[in-house]
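Both complexes shown next keep subunit A, but they swap its partner, so subunit B is in the first and subunit C is in the second.
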Partner chain A sequence: MTTLLWYALVGVVLLAIGFASLILTPGILRKIIALNIMSSGTFLILVSLARRSPDPVTQAPDPVPQAMVLTGIVVSVSATAMGLAFLLRYYEATGRLALPEDDLPALDPAKQPTGSPDGPPATSSGDALTALPPHAILREEPLPATGGSSRPTSGEAPTSTVLPGGRHRP
Partner chain B sequence: MNHAPVLVVLLPLLAALTSLLLPYRLAPWLFSGCLAGVGGLLIPLYQRLIATGVFRYRIGGWGWPLGIDFYLDGTGFIMLAMTWALLAGIGWYSLAYFRGRPAAAHFWPLLLLVWAALDNLFLTADVFNMYVTLELLGLLSVALIALAGTSDAFSAALRYLLAALGGSMCYLLGVAMIYSASGTLDWVFLRTVLTEGPRAAMALALVTAGLMLKSAIFPLHFWLPRAHANAPAPVSALLSSLMVKASFYIALRMWLWIFPGVLHTHVAGPLLGLLGAGAILYGSLLALRQDRLKLLIAYSTVAQLGYLFVFFALSMHPEDVTPALQAVVFFALSHAFAKAALFMGAGVVQRTLGHDSLDRLAGCAQRLPQIVFSFGVAGVSLIGLPPSGGFVGKYLLIDTAIRERQWFWAGVLAVGGLLAGAYVFKILARAMADGLSPTFAPHLASITAPSHVLPDGAPKAAGDTFPAPATVATGPTAPTEGPTTSFTPPTTSAPDPGISRHPTPAPPAAAISAAMTAVPAEAAPPDRGLVWSTWTLAMTAFLLGLLALHPLQMIAIGAPETGPRLPGSEILK
Partner chain C sequence: MDPTRGAPRQIPPGADPTGEGRAPSLLVRLLTGVGVTAFGVLLAWAILSLPPTAPGLLHEVREHLPRSGTKSMVTAVLINFRGYDTLLELTVLLIAVLGVFVIRQGSRVPEPPPMPLGPLAREFIRVLAPFLVIFAGYLLWAGGEHPGGAFQAGAILGALGILLRLGGALPDRAWGVLTERLVLTIGIFTFAAAGLACLAWGETFLTFPPAHAGAMILLIEATGTLAIGLILVLLFVGGSLAGTPPATPRPTPEAEP
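Up next, the complex of A and B:
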C-alpha cells in the first residue's frame, strides 16, 4: 500500500513539475519535454490505480488502466514526434525557438517576424511547407543575425530563446 | 444495415488511408463517395432511432464489459448529421479552394481522418475512447492549420498543439479518476455505478478543466484566435464549426449524463456559467477591436462558445433538463453553420482582395455581393434574429432562464446578442461602404503607390524586412515616395483619392506594365464554387430555425432523466 502511495505521489509530483514547466518556460522544446514529463506522471498514477484494484481471485493487477497507459504512450510518442517536427519547421522559418509572446498579432503587423498574416495564404498555400530547405536544427554555428528575410529584427528573440549550438556572441 | 454505426466510422477512415495511396487528384472523388456513403448510412440510423429509440452497437460482437460499444441517441445523431452536412459544404468549398495547389495532397486525407474521428467521438460510449479521438482531432487540427505554410500558422499550430496536449492530459487524468471510482468507462452506465466522493469530484474538475482548455473557454481561449485566423479558410471553418463542438460534446455528456446523479453539480454549474458569461462579454468586445476579418470571426467564436457554457448554469436546477438540452444542442448546430459560412466568406474576401483587413473592405458589396449577403445572413444567425437557427437556440435558452427565474443569465444572453449585433454590423458596414479601395482600382492606385497592391495587403512600416514580390519589386518605382503610404480610408466616398491627391507623375512605362501584369491575376472574380458553397451554408444557418421542430424532437430522444436510471441501460439485459 505504501509503495502504491509512493507511485501515485511521484506521479503527482511529476505532473506538477511538468505542468509548471509547460506554463512557465518559453522554449518550445522545453514545453514538449514538460508535456512528456506530465504524461509520465499520469501514466504512473494510472499504473498505481491498476495495482490498487487487483483481480479478487488471482490478485493480478487490473488490466484496463494498463491498456490505457499503453494507448497513452502511443499517443504521447506521436504527439511528441509531431511537436518536434513542427518545432524544426518553425525554427527554420523564423529562427526562433519560442513562441511570440504577444497575444494580439494583428494589432501591430509590423512586429510580425515574417510576412503576412493578412497576405494570401491561398496563393502560397502549402508552398512554404514543401519549399523549406531541409536544414538540420543541430547545426554548429548560429544563424547570422541578419541572414534571411524572415528573421525577426526585434531584439526580443535572444532573450526568450535557447538556441541549440549556443547563440553566444563572441 | 445492422452495421451502419461502425461503417459510418470505417468508411471515412478507409477512404483516408486509400487516398494516401492513390494520386491526390482522386482524393476529392473519394471524399464525394464517402459523403454519399455516410449519408446513405445515416438514414437507417435515423429510422432506427425514430422507431426504437436509443440503441447500442457492439463492435465485433464483444459487448460490455470487454468491448468498446457504440451508443447512439438523439444528441449523438444530430452531431453526426451536423458533421456530415458541414463536411459536405466545406468539402465543396475546398474543392475550389485547393484546386491545383500542392496543399491539396495533404488536405483531403486529413479531412477524411477528421471525419472518422468526429464520427467515432459522437458514437462511442467509452470515455477513454473519447480521449483517443480528442487526441486525434487535436493532432489533425495542428496539421491542418500548418497547411497555410506561413510562419504565423506554424506558431499558431505549435501553440495549439501544446494547449491541446495539456488539455487532453488533464482529461486523461480525470478519466483515470473516473475509472478508479467506478470500475467502468462506459458513460451510459457510469451514472449508476460511479460512487460519490472526492475522487468523483476530482475527476469532474480535471475532466472539465481539460475540456475547457480544448474548447477554448474564457480564460483558456488564448490559443484559439490565432489558430483559427491563421489557418487556410476551409480549415478555419472546420475548426470553428466542428472541432470546438467535439470537446463541448464530451463536456455535455459529462455534466448532463454522468455526474448529476453523483455530485452536486448545481453548485459548480454556475461557475462554468460565469466563465461562459465572461467569454461572451470578453470575446465580443475583443471581436469589436479587431482590424482583421478572420480575427474578428475567431473572437466571435470565443464569444459564441460562451453561450454553450452558460447552458451549464441553466441546466443544473430544472426537474426536466430536456428543453435546455434541446436549446444548447440546436444552438451549437446553428452556430456551426453560421460560423463556417463566415470563415469561408472571409476566405473568398482574402483570396479576391489579397488581404482581410477590415479597413479596406470598402466596395466589397459591389464586388462580392453573394459573400456580403452570406455575411449578413450568417450574422443574423449569430445575433439570434428570426428565423435563423441562432434565434431558436437563443430563444430557447432565454426561455429556460426565464422559466427558472434566473434573470441574470437571461440578461447575459440578451447582452451577448447585442454585442454580436455590433460586430456583425462592423463587418457589414465596412463591406458596404461606398467607394473603391485601392485594391479595386489597382491599375490606377498602383502607379503612384505600388506598395498598396502587394499581395500581402497591409501597408508595411518603413524598414520592414518583408520581401516584396518580384513583379513589383523589380519595377523602377518600388521605393515609394512618403506621402502615398496613406491609403484610402474606408469612409472616404471619393472613388480614388490616390489619383486626385497625386496628379499622376508620368510613371515609367515599366511600372505600368508591371502593375498591369501583377494586378489582373488577383482581381479576377472568385471561383463560383467558393461563392456558392459559402452562400449555401449561410442560408442553411438562416433557415434552420424554420426546420427546427424535427431536430428538437430528435435531441429529446435519450435526453437524460433526473432519476439515476438511464434510457438504454435495459438494452443490455
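Up next, the complex of A and C:
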C-alpha cells in the first residue's frame, strides 16, 4: 500500500465518522461540524487519488482534482458560515439547539407559564419560548410584546434573561 | 418583575441541559453503525481496487497549457478551462454572504463585544498585518507559475481581516456601503466582463484568446482576491461592516480590501 492510498483511506474513515455523527448527534452545531469533517474526508480522497496520474516530467499530480478541491473548500466554508448564521437565528428565536424532530419535550407547556396575553408572566422569556413548539415561534415572528412574557424588545425596560446556554441577554 | 433575574435558569428534571436534543435510540445507533461501516468498507474497497495509475486529465491540461495564459496547471484549470465553475464559485460565496446578512439582520441579541486582546497580541497583529498583505500579493502573483492564486491569497486576506477584527482594529461601520458592495461584487463583475470580452474577440463566453489570456487571468485573480478576502471577513463577522462612521473621529483601520 502506498502512502497516498493510506491518505485516501484516512479520508474514507473521516467521511464515515462524519456521516455517523451527522445521523447520530441531534445538535445542529454538531451536525454542521460533522458535515465539515465529511467534506474534509472527501477532499483528502480527491487530492490523494489525483496522485494516480502524475506528470511524467515533474511528478505533479493531476491538476483537475486539485482545482475541484479548491473550489469545494470555498463551498464548504460558505455553507458552514450560512449554517452557523441559521443556527444562531434559530437559537435566538427558540432557545433550542436541536430541530423539533430531534428535540426533547423540554418543558411541559401545561405546567409552565406560557406567556399568554392574559395569563401570568413567564418566569423568564427563555421559558416562554421553549414552552412553545419552535416552529410556532418562528411563524409568529415577531412575537407581540405582552408585558414580561415575550422577548424583550428594544423599547422595553432592560431585563436580564439567561438563555439555556447560560448566555445573558440584556 | 423577573424572579429569576440575575440567576441561572433552573433546568427542570427531564429536560436536557444543553438544549441539544435527545440522543437517538439504540436501534438507530446500531443501524447507523452498521450502515456507516458498510459504506466505509465499500468505499475503501473501491479505492483499493483502483489501478495504481490512471490517465487522468493531466495530458489534456498539458496539451492546452501553452494557450491558457498561465504556467500553473491548477490556475489554468481554475480560471481558464473550468472558468464557469470558478465564476459560479464566486457567486456561491456572494450568495452565502448575502444570506448571512439577511439572516443576521433580524437578530435581537447584540453581538458580544470583541474580546479585548492583550497588548502582546495586539502588537503581534500590528507587526504581522503588513507581512500578510505582502504574502497575499506574493501568493496571487505566484499563482501564475506555482501553486497559489486568488483563493489562497483571498484566504490570507480573510485571515488578516479576522485578526484585525479580533484585535479591535476593524470596527463596525469600518467603510462605506458603496465601497463594501463594490468590493464584494468586483470579483464576479470582472470575471463576467472578461468572459463577455471574449465575445468581442470572436470566441465563446469565457474562452480567453491566448494572446490576452495572461492579463485577463491576472486581472480576474486580483479582483477575485479582494472579493474573496472581504467575503471571508464578513462571513466571520456575521454581518456587514459598512455604514456611515459615527461623529467622533476614529483612527482609520488598516487598509482592507
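FYI, the second predicted complex is superposed on the first by the 100 of 170 C-alpha atoms of A that agree within 3 Å, B and C clash if a C-alpha of one lies under 4 Å from a C-alpha of the other, contacts with A are read in each partner's own complex, and residues count from 1 in each chain.
FYI, contacts are C-beta pairs under 8 Å (C-beta built on N, C-alpha and C of every residue); 3 or more make two chains touch, one makes a residue touch a chain.
This structure is a prediction, so every number in the text was calculated from the model and none was measured.
Visitor: Quick check for you: in the superposed arrangement, does A:46 touch first (subunit B), second (subunit C), both or neither?
Guide: first
Visitor: Thinking of the overlay built on chain A, is A:89 touched by subunit B (first), by subunit C (second), by both, or by neither?
Guide: A:89 contacts both subunit B and subunit C.
Visitor: Output check: A:35 vs subunit B and subunit C. Expected answer is one of first, second, both, neither. What do you get?
Guide: In the superposition, A:35 touches subunit B alone.
Visitor: I'd like to know which partner A:2 touches here: subunit B for first, subunit C for second, both or neither.
Guide: After superposing on A, A:2 lies in contact with subunit C but is clear of subunit B.
Visitor: Considering only touches as defined above, state whether A:71 meets subunit B (first), subunit C (second), both or neither.
Guide: A:71 sits against subunit B and subunit C alike.
Visitor: Tell me the contact category for A:16 with respect to subunit B and subunit C: first, second, both or neither.
Guide: After superposing on A, A:16 lies in contact with subunit C but is clear of subunit B.
Visitor: Check the contacts made with subunit A and report whether subunit B or subunit C touches more of its residues.
Guide: After superposition, C is the partner touching more of subunit A.
Visitor: Both subunit B and subunit C touch subunit A; at which residues?
Guide: 15, 19, 45, 49, 52-53, 64, 68, 71, 75, 78-79, 82, 86, 89, 99, 103, 106-107, 121, 123-124, 126-127, 151, 153
Visitor: Residue numbers of subunit A touching subunit C in their complex, please.
Guide: Against subunit C, the touching part of subunit A is residues 1-2, 5, 8-9, 12-13, 15-16, 19-20, 23-27, 29-30, 45, 49-50, 52-55, 60, 62-64, 66-68, 70-71, 73-75, 77-79, 81-82, 84-86, 88-89, 92, 95-99, 102-104, 106-107, 121, 123-124, 126-127, 141, 148, 151, 153-154, 159-167, 169-170.
Visitor: For the complex, which residues does subunit C have touching subunit A?
Guide: The touching residues are 1-9, 11-12, 14-24, 28-29, 32-33, 36-37, 39-40, 43-44, 47-48, 50-58, 61-62, 73-74, 76-78, 82, 85-86, 89, 92-93, 95-97, 99-100, 103-104, 106-110, 151, 228, 231-232, 235-236, 238.
Visitor: So in the complex, the part of subunit A that touches subunit B is made up of which residues?
Guide: Interface residues on subunit A, with respect to subunit B: 15, 19, 22, 28, 31-32, 35, 38-39, 42, 45-46, 49, 52-53, 64-65, 68, 71-72, 75, 78-79, 82-83, 86-87, 89-90, 93-94, 99-100, 103, 105-107, 109-110, 112-130, 149-151, 153.
Visitor: Name, in rising order, each residue of subunit B that touches subunit A in their complex.
Guide: Touching subunit A from subunit B are residues 97-98, 101-106, 128, 132, 135, 138-139, 142-143, 146-155, 157-159, 161-162, 165-166, 169, 172-173, 175-176, 179-180, 183, 185, 222, 226, 229-230, 232-233, 289-292, 294-295, 347, 350-351, 354-357, 455-458, 460-461, 463-467, 522.
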